[in-house]
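Labels run A, B, C, D and E following the written order; every chain starts at residue 1.
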């Protein structure tokens, strides 16, 4: 029977795979995808905590905080994706590339 | 009467504003960059005084007031006089607390005098005179503030206030390497200021009194470790300014590149801030640490004396010679401080004053020679005494004063330092007379470079190139004459200053625990 | 008038002359000269009055005033003050007297007569006339102050001031590089000695807490000063005297100082200032006497200088330099006497020497004035043209050589006697006596050489010049003639048996006693014989020329060369100063620029370079930045974990 | 749901999620990345169901696999010629990234395994939509309003920046 | 539970700004195409002023609203006023920039206001969800603003970099929040604290590190500062000023609050780490600033260093430390904005922002040069300007600590002081360029009136903060003390 730790480790795995993608992929869109992966990992973590821990705290604690967090993260992820992609497109218009390693006009 | 001191401090600042804000007659507008500012300069009515007159007026007024201050000072009392003490930032315990005693009063007068004379020296300045004179006046306020602040915080504010004007004065009006010199000065001083600030904070918090008031702080005893920490931090701050080897290399650059008037102020009053700080703060507030470090101070002082003199000896630029001689002579100040006894400290304070007048005069003289010959290279000059007897005579007098000829003020100070130094460093039950004797060798060395300078510049056959050069003008004569008068007066009747210096040094010596003389 | 007022007059009259002529008489040359002569004359008259009071009524003065306040409320100060006692009175007389005569003489000396191609004389006045008299007034003031000082501090102040005047007057013709160099050399050399003096002052203050002679003497008398302190203090003071009185090894400046005008040499570098060193030792005699070691050192240095300088005087051809070496030598004599314990003998020789040596210089000046050269090889036969000068110089020369009954004989004899009787220098006595006696011979020889080369024989100079050579004007001649009087008579004051001077000056010491003087006929006869021998040899070589000077020179070979080269001391010092010292200075300056400033600039540059070095880290790659964020996160996390576990 | 099925479901969807994630970050062609991401997101939704978070799961499907994926695909289409470019970074960068990711993963796993989590044993299988909705409009009404501002800014930004000028 | 409607009252400043943001867009839609949008600018400034007035009115309040999601206390109020002032100043100085992209003027104002709402809520949030959303609001707004000049390569690059790093950072931050939530079941700042007392467990420490990383991004602390120079250089200068001042100040506000409320019991754990971060931040910032030739980039590095100094106050971990940081941020607002808003005008004479371009600026516009010079001197910490007092207070905070608080940190202050001395080198470089170098042309530089007003206000702030330093710091300390716990 998988327990809290399983889910947490799974979330961490997604988060860290996303991290790897964000650091190692050159295409900006794939980087954005990787970030979505990271947020998903986070969401799994939040929901898992909510599932396993919420009942153990007293009534003062909100029983739904983890899931609420997950919902808001999804919403924010949407906004981020929209703005992020818009920026990528703006960059693309000026340079005809979305390779993040080529976007290094400023350095030093 | 308290208003008098505040006037002396802030009148120059008012003057700076006046110089800055009053429109200058168009003649002075021609600057380095041709037509500067907006292309159309509105005609300025002639009833506005030129900046130099405004500046001279305010500086002269400040000088007059400082003399009034000097003469109305009660010479029989040891404590501070003309005090103003009002809360400023009560939350931090910062007060606007100013006052003078026998240690600061001569320096306040010196500052007023040299600033006034510096303005006269720069009388015919054509490059942006308005800014120049305004900055000089700001400088005067800053330095006067340093000498009169009895609140550490205020002291530090004034200390730092001097920076920016000096940076610009060297950087804009200086010689060929002005930017390098100005930057060096700036960084050195800021770094020193940083150490100072930390030292002040250590004292503020370490003492546990939560006050910046020097008078209050100097009335208590603190643990030795705390004293030592604060002393060392403050020492670095002051040692850069004084300057003490090995923090001295900004000085020759700054002095050489600065215009004459600014060299005068640099050597004449700015260096004094370091010596003043050492006495007023390091020794007065932290006597136990001072005693522990007395020998170290004396050793550094002797190094300074000999080292500065030796470096001066190897120079061929007149300004460099004088600048390095300043390092050497400031070593005497440190020696007097390191002696930690009445005579030594008196000598140190007096040396601050006398060196200010003497080196100020020397820089003016170098400036006068340079104005005429456009060189400061000793090797190129020669025989100028025939051509400009007044300049030669005054230069000789200044040089003799610098090498410590009795009857001129330099001797009195240096003599006191030696006599004090012989009994100095008396903290581990023994004295170090050989150290002082070694330091006294500096007078021979200074005779060496001064006489060499005089011989090469003024004696010998006159080079044809220098034929027909004019001697000092009336204005120049008045300027240098005033300083000569002061040098001779103090040299012959030193009690004009020594009385009050001695009175104010005595409590410090008592704090150090040395009863004798 | 009471003594204090007189003392003030003595000081203030020349001082007023100095101040007034400095301020007013830059162009009015008569005013400057007149003021100075008047001022010095007043001082001289006052000195006479002082002498009369001290001699007749045993009047004394000892006043002090605070000068450098230490604790105004407690009344503590470093003090200065005036003191008049027999020694002072004698010194005042000779200083003001010689000064007055020299000032008068100078008036003529500074007017040079030049001849145009038609042989018409043109009186040419030296352009520095006013300056000359101004400095002279300052010198006289300072010298009188030195003599009058009742504290070491004031003495030192005046000591330095006379040094300054010496510097200024040696460099009077500053446009001549040699004069400028000589002035600098004089100042620096004496300053080296003064350094010891200065340290001595500090040392004595440290040990005794007073500068006044009377208090110091009282302390010595009460044995409040340990012998070691007395030795150190005395030797430090003596180092000042060595510099000032041109004793070996600081003698090198005095011959060069002859670059100054001859009256200056007469006054400053013969009669008064150089004697100040001797005066200092005499003044502090109680201290020296307290330390046998110090006395021995004084005697040895003095004795050695006496013979050492005389050897150099033997071979020099410059008339003034011969005189200068002679001065060195005679000052050494005086030191020898003092070191031997003969306060009276030493100071009496100081007194007589000041007159006849001044006269020697003034006559030499007259010769130089007339011939336009100082090289004795270009003189000769001047007896015919300058009879007054000739007689005066002959008398003075004989006095110097120690021929009775001239003044020099008596005073020199006193010195020989003092050395002979000395209780302090027992072990070195034979050596010192030998020094003294050989010097007697040498002195007579070189003096004879000067006289014969100058006045005897035929004119060896420019034949064109010969017709224009003539006796000095009255204003120069009269002072010389006046000086003949003391040259001849002064010695009788300390005639054996009475020793009037000795008994008089003895009272300068409050507690200590000078060596009782005794006359030793055999010594006197021997010294006379030596002097005569010297003169005869000189006559044989330079007068009758029966002995070839060249042959003698060859015979002495390398010794002659060494003596001519001043025994190498000038070379050594030039090397030490010009090469070693300046080289060291250059080395330190290079160190300053290269190492210290190099470190400063290096730190600055390194900081900027460090900034540059870090720039590549900022790759411009956003993924690098992100990587650093995560890397930083890990580092922070690990740091926090480690930190909280420990 | 029986324990075995639950376990099996967890591992299946978990594996799918990890495979999807791996594919997303490792696949060479852009379109494959996108499809793998869909797999990962869908698996995550399934895992939410396993965690009794049905509402979140639905939102996940709607917003993520729906809206966000569409956006990403649009972006891919709007930036042509990028598909063919080498997609992976140099080996060094990959290695460094992997290192960081692995270490971070290790840290998190260590924290997970040592953490003093207070687990409840009671399983919760009630539908969550209603209580979540209540929470969002009562307790969390302020964040609920606030997120609308976030979305608004995202919207304005996306609109203005993506628009041809 | 449903929060009472009266809670909205305490949210008045944020509501006013939000409303203003909407209105700006609406008015823009209503205005005909050709009309000048300049009135919108003044309207936006007015919104800031009104919101500021509302904040002032609420300054005395200390309460938690919306179920503790938002805290209304003087501490937040202080920072809100600071953000509003910064926003207003940036708006006033925006004329030269909005000239260049007329079409999106309204959106620029609107998003700027919305971003400020995010900052204000960040400073006021009492709970992690709100905190996260506020953070996102401001980050997204900033990303948009940076990209606002979308026809500029540098601007879009800056936006992309900012966006990616900000999103990654907030993901990391969220992970930390998740761990805290998992440990306590709580999401309120103070609530979490009560349950993580005692010996800290590994998740708590990891969460702390993750929060540090998240806020470290916002305040540009090393090693989370890498984005700063690129973004500051590329973004429109007004936005750069806004980022470097308002955004950074908000980062400090929330950092202080979280450290105080959530990790207040773990000071022993994080002080050393923050001390190291402070040293690295100021040193690295200064060193890299030394080597720059682009003024914006240089100021960017300088702003990193400034964050390092401010962190010294955080390290103090005392109430006074917090207030010193608050004061620092206030002084820094005027100082840094004075510099950046002066740099804004360089579109007219140095469009590529090189320091070279500032040659002889004094001769072309002495007031502008003087403003920049004063700002730089203040940044360098020279009295009598505000920058001096701000540094003084943070250093003060580091040494005023009593023995039970860990004792004085003289070494940290010494490093700070040496750093600020070094910094004067590059500040003076610009002053030198303006005053000592001949201008390439005599053509005067003219700046719009509103812009001039903004600069004048900055100078006023820098100068006036000196004499009133005591009163302001006292207020700040009062605010820090009254922080809702």
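Worth a mention:
Going forward, contacts are C-beta pairs under 8 Å (C-beta built on N, C-alpha and C of every residue); 3 or more make two chains touch, one makes a residue touch a chain.
Quick caveat: nothing in here was measured; it's all calculated off a predicted structure.
The minimum number of touch steps linking subunit A to subunit E comes to 1.
Distance between Cα centroids is largest for the pairing of subunit E with C. Chain centroids computed from C-alpha atoms place B closest to the centre of all protein C-alpha atoms shown. With centres defined by CA atoms alone, the chain at the far end from subunit B is D. Taking each chain's centre as the mean of its C-alpha atoms, subunit A lies 6 Å from subunit D. A separation of 103 Å divides the Cα centre of subunit C from that of subunit D.
Between the CA-based centres of subunit A and subunit B the separation comes to 65 Å, rounded to the whole angstrom.
Work out the mean CA point of subunit C and of subunit E, and you get 78 Å between them. Among the residues of subunit D, those in touch with two or more other chains are 89, 93, 96-97, 100-101, 104, 107-108, 112, 117-118, 139-140, 143, 147, 150, 153-154, 157, 160-161.
Under the contact definition stated at the top, the residues of subunit A that touch 2 or more other chains are 8, 15, 18-19, 22-24, 31, 53-54, 56-57, 62, 68, 72, 76, 79-80, 83, 87-88, 90, 93, 100-101, 103-108.
With touch defined as above, residues shared between interfaces to two or more other chains in subunit C number as follows: 604, 615, 618, 620, 622-623, 626-627, 630-631, 633, 637. Arrangement of the chains shown, judged by which pairs touch: an irregular graph that fits none of the line, ring, star or complete shapes.
Across the whole structure, chains are in contact as follows: A-C, A-D, A-E, B-C, B-E, C-D, C-E, D-E. Interface residues of subunit A, counted against subunit D in their complex, comprise 1-10, 12-21, 23-27, 29-30, 32-34, 36-37, 40, 43-44, 47-48, 50-57, 62-64, 67-68, 70-72, 74-83, 85-90, 92-93, 96-99, 101. Residues of subunit D that touch subunit A in their complex: 3, 6-7, 10-11, 14, 17-18, 21-22, 24-25, 30, 33-34, 37, 40-41, 44, 47-48, 51-53, 55-56, 59-60, 63-64, 67-68, 71-72, 74-76, 78-79, 81-82, 85-89, 93-94, 96-98, 100-102, 104-105, 108-109, 112-113, 117-120, 122, 124, 128, 131-132, 135-136, 139-140, 143, 147, 150-151, 153-155, 157-162, 164.
Of all residues in subunit B, only 75-76, 184, 187, 245-246, 248-250, 307, 310-311, 313-315, 342-343, 346, 383, 385-386, 400, 405-407, 411-412, 415-416, 418-419, 421-423, 431, 433, 436-437, 440-441, 443-444, 447-448, 451-452, 455, 458-462, 494-495, 498-499, 502-503, 506, 517 touch subunit C in the complex they form. Those residues of subunit C that touch subunit A in the shared complex are 615-616, 618-623, 626-627, 630.
Residues 623, 627, 630-631, 633-634, 637-638 of subunit C are the ones touching subunit D in the complex.
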